[in-house]
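Across the two complexes that follow, subunit A remains constant while its partner is subunit B and subsequently subunit C.
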Partner chain A sequence: MLLEVQNLTTEFVTDDGVATAVDGVSWGVRRGEILAIVGESGCGKSVTAMSVMRLIPTPPGRIVGGRVLLHSEAGVAAGGENMAPIDLLSIPDREMRRVRGARVAMIFQEPMSALNPVMTVGAQIVEAIRLHRGLNRRDAYASAVDLLQRVGIPAPEKRVHDYPHQLSGGMRQRVMIAMGLSCNPELLIADEPTTALDVTVQAQIIELLLELRDQTGMGVVLITHDLGVVAEMADRVCVMYAGRIVESADTQQIFSSPLHPYTQGLLHSLPRIDRSMDRLNVIPGQVPDPLHFPPGCRFHPRCDLTRRLAADGGGDRSTEVLERCIRRTETKPGGDPPLRDVSTDHGVACWEAPGYESGGATQ
Partner chain B sequence: MMRYTIHRLLLAVITFLGITLVTFSVIQLAPGDPIAMQVSPELGLEMSQHTYETLRAHWGLDQPISTQYVRWLKRLLTLDFGRSISDHRPVWDKIAERLPWTIALSVLAMGISLLISIPTGVYSAVRKGRTFDTAVGTLLFALYSVPGYVTAIVLITAVAHIPIDWLPISGVRSEGFADLSLSGRVVDLAKHFLLITICFTYPLLAFQSRFVRSNMLEAIGQDYIRTARAKGLDERSVMLRHGLRNTLIPIVTLMGLMLPSVLSGSAILEVMFQWPGIGRLMFNAISQRDYFTVMGISSIVAVVVLLGTLLTDLAYAWVDPRVRYGG
Partner chain C sequence: MVDNSATTVSCATTVSCTTAIPCTTTISYKRRVWRRFRTHRRGMFGLAMIVVLVGVAMTAPLIAGNVPILCHYQGAWQAPGVVDCLRRFPILDRVIPPSYPFSKAGFDAKEALSEDDFSLWPPVAYGPSETTRVSLAGPSKRHWLGTDEVGRDVFSRMVHGTVVSVQVGIVSMGIAGVLGIFFGAIAGYFGRWVDAVVSRVIEIVICFPDFFLILTVMVWLEPNITNVMVVIGLTRWTGIARYTRGEFLRLKEMDFVVAARANGAGAARIVLRHLLPNALAPILVTISFGVAQAILIEAGLSWLGFGVQPPAPSWGNLLRSAYDHYRDAPHLVYPPCIAIFLAVLAHNLVGDSLRDAIDPRVHATGKVKV
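This part shows the complex of A and B:
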């Protein structure tokens, strides 16, 4: 394991109360692996990534619980001793700054606003290189040119002196990636890296990220709402809903046998090229307000299963299910079903998922 | 860039003509005329109709305003500002001896206020809502609410009454200035500058500091600040290299916009402190309907302001690459 997130909980204090944006989320990513975190806007996927980097603006945000363990590469430590992982949430700011950009790098969507408009792209890359690799200005610039070349920017020795506004959207995202890679990070967190781009440029950026992963063996955490991107890139997937992970499995399984009704709904809402449709399928309802999550399983108001059963209005089976999904509060005040492995490496958080009740350990 | 500069210069010339034409008309339309004001009826002096007509003809005031304006412009082309109607000295000489004092005061006030307002504004933004921000904000707001001339009255009265002998309240030099040593002269000048500079600077300071703060806050909220933090930069570098650098753009604009008001805004203070600047010269010239002095000062101020605006735009291009490569 390269990075392990355990029980991460992040809150935002608002005028109307405390909103739990990320609620006890756990996942892990291995070296060379691409883990996708998918979900609708506001499901907490970006907040999860920002929490890992400790970039949550405080106040109003605060990380209230959990651990983020960054493991050292096995065997790298002198004498083969087992180096203990560091908990990114508990180390001092100074140490965290040595991790940011160096061991764990992050790239953002909307590369126009994420790049400083008054600094050349070269200067922005060089800044990170000089900070973490201690190179002098000239070597750092040479290294920046190399990086720009690696991410596929033509005439990098010229482009290095360009300002962000002189580049196209795709080029800017390449610059962001070059900046992220500048200090050979072990983990790259990519927050919606292709969202702001044209479809063809998206494909190029995906290609590039895959290539770089293969070359460097770094782990990648991909934050996205785009299942197409997930299918093309990810090895494993965590599906988030309203601040919690509702399903996690390898990409193949998520697409072939989704277990959670939310995941099924997401896949069902994808347009199909092999079928004609009058309308796109949607998941009814809206993402709940994080200040007022519904009781029981927080997905139940939008859940196909509970809605169908409620419409039936009776019967032992439906009463039993509704009781469990809507009112069950035995695990915690919210009463959400915990994420449990129902088969090897396939976790789901739904009382009604096959094998859930008899399922293995809570993840 | 070349085309841009030429374009801007042409616009400046047209603007200049507009400004002077309006000033010329307005001052002539004001009641009273400079010849009649040469004599004081309260002293029992009177001017014969003949003398009056002769003097008017001498200054060309008997001509229609349009003719006068064209004549004035023609002379201006040879850099001749004409003579003052009240004391017959060349207008240019009168301005030349006054202008440095006003410029010195303006530059000093702008410089000091920037030196203080940028750090306080930035620090207030970084510590938004904390004690420092609240305290400084309250203090500056209080200062901003009191005009400079009110403080000037208080200070002048205080110095005169206490009395603080060593602190002069008018003029720029003490008697016997010529006999002082170099350091003595510097100290003497500094004393004369002290009160008027305070009265001139603090309203600017209050305003600029809030301006820097709000712009810095806006910069801090931008995505590239998050990117800078994600690189592992410490807060200081994030704020100064990424935040302040972007805040400089609006500050440069503000300075350009403030230049006219700073140059002309000193008039009241100059009169109160008997400061030999062009503000006071203008004040006196207007009250004596000294048309040519008024026109001379307006022209100079107009040129300075237009040049200032042009320089601001060029400086803008220097701090903001998007403008540099724009058109």
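This part shows the complex of A and C:
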């Protein structure tokens, strides 16, 4: 493991109460692996990423629990995990600043607003380099030109003097990636790196990220809502819904045998090139307000399964299922199904998933 | 990969060309603002006036003074005017020795230099405190704007009074700018209790009617130009602080600040390298309006006798003495009035145009594009 997130819980204090944006989320990413975190807007994927980097604005946000363990390379080199990992959530700010950018880097969704409009792109990359690598200005500049070359920007020695507004969206995203890579991080967190770009440029950026992963062997956490990007890039997938992980498996399995009704719904709603349809399938309803999660399973108001069973109206089984999913009898909310392994490396959080009852807790 | 990127570059070029900015050269934010500013005729007029004002202030002894700019005196070449001019600046006054004997009190250069000696005099050859026998005279070839009640040349006093106004503008807004940017920046960036404390302090300072506050303070302090500048600086920083705070509140939520933090930048770096340069243009607008205010306040104080003390000239006390004698010599009222008006106007015009130049929604015509 390179980075392990355990039971991460992040809350936002609002005037109407405490919203739990991320609720006991656990995942891990290995060196050279691309982990995708997918979900609808507002499901907590970005908050998860920001929590790992400790960039949650406090207040109103606060990380209330969990650990984010960054394992060091030396431990791996020695053949075992004998070198103690550091918990990014408990180290002092000063040390955290040395981790950010140097060991864990992040790139953002909007390449326009994530670059400082009054600095040349070169100056921004130089700043990132000098923060961690202690190079003098000239070497840092040379290094910036190198990086721009590596991310596929033509005439980098000229572009290095450009301001962000002089570059196209795809170019800016490349600059962002160059900044992220400037200190050879072990882990790159990419928060929707292709969302703001048009499709052809998206493909280029995906290709670039894959290439860089192969070259450097860094781990990548890819935050996205685009299942196409996931299929293209990811080795493993975590599906998030309303602040929790509902299913996690490798990419193959997610696409071939999704177990959670939400994952199934997501895949079902994709337009298909091999089939003609009049209307796209949708998951009815919307993501619940984090201030008022429904009792029982958070997905149940939108769940196909629950609705079908309720509509049937008959049979002992349906009552039993409904009770478990909805928990009408309990006054206090909660009672989400925990994430359990139903087969090797395939975790799901649904009472009705095959093998769920007998499944063990995921590590 | 390489092919792909080649296409992107041609893309990038067309995109930036649509904004009518040639993409061959690098255009910084500063240059873009300057380009837009240049299209504002009023702003450029204001800027030109400020340049003239500062130029006059810097070269006052060469425009009006009672020592020659250059002369041949007792077999040696001397430039007492130039020396005087330079010695008014800090540091230079320690490096350059005064030109003897012209600097001696009571030394009359006009008497001392004979007809045969070469001498180049300033256009108006009277010092600001030099008295002549003609008092309250009208404009003449000798005294362009006439003389005051004790026979001093009014043009010379106006020119040397410019120094006061320019100094007040620069120094008091320098103090106010440093204070305002500092407090505004920490309030905006750190928020929470820092913001609460700074904002309350600002509100308290704003509550005082500042002219009267300054007046009260000047009663306790010795009324001289240094105190005037310091007091104006200490009371006029609140507007700048509020503006800076607002800009910082807006900017600190921007992605590039989060990105900088994600790269490991600390608070100082984010404030100085990322936030301040982005906030500087709007802050400059408030500062340029502030300079106009400061000039006006100084003139008001001097007029009331709490500012620059006679015989040292300032537009305010010139106006005061002209006002006392306006029945006998009404022409003396106009020069200081017009000078104050133009100086204030110039700074307001510049501030106004600068505000338009940094606002991308406003066209050069001043109309807001919707």
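We adopt the following convention: the second predicted complex is superposed on the first by the 347 of 363 C-alpha atoms of A that agree within 3 Å, B and C clash if a C-alpha of one lies under 4 Å from a C-alpha of the other, contacts with A are read in each partner's own complex, and residues count from 1 in each chain.
By definition in this document, a residue touches a chain if its C-beta (ideal position, glycine included) is under 8 Å from a C-beta of that chain, and two chains touch if they have at least 3 such contacts.
The structure presented is a predicted model; accordingly, all values stated were derived computationally and were not measured.
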When subunit B and subunit C are modelled together on subunit A, clash or fit: clash
Partner chain in contact with A:Gly152 - subunit B first, subunit C second, else both or neither: second
First (subunit B), second (subunit C), both or neither touched by A:Glu207: second
Partner touching more residues of subunit A, whether subunit B or subunit C: C
Partner chain(s) touched by A:Arg31 [first = subunit B, second = subunit C, both, neither]: neither
Partner chain(s) touched by A:Leu167 [first = subunit B, second = subunit C, both, neither]: second
Segment of subunit C intruding into subunit B (one of 7-15, 97-105, 115-123 or 349-357): 349-357
Touching both subunit C and subunit B, counted on subunit A across the two superposed complexes: 53, 55, 97-102, 105-106, 108, 110, 113-120, 127-128, 131-132, 163, 165-166, 176, 179
Subunit A-facing residues of subunit C, complex: 1-2, 4-6, 8-9, 11-12, 15-16, 23, 26-29, 192, 254-256, 258-266, 269, 273-274, 277-278
Of all residues in subunit B, those that touch subunit A in their complex: 222-224, 226-234, 241-242, 245-246, 249, 319-322, 325
List of subunit A residues in touch with subunit C within their complex: 53, 55, 59, 97-102, 105-106, 108-110, 113-120, 127-128, 131-132, 152-155, 161-163, 165-168, 170-171, 176, 179, 201, 204, 207-208, 211
Complex contact set, residues of subunit A against subunit B: 53, 55, 97-102, 105-106, 108, 110, 113-120, 124, 127-128, 131-132, 163, 165-166, 176, 179
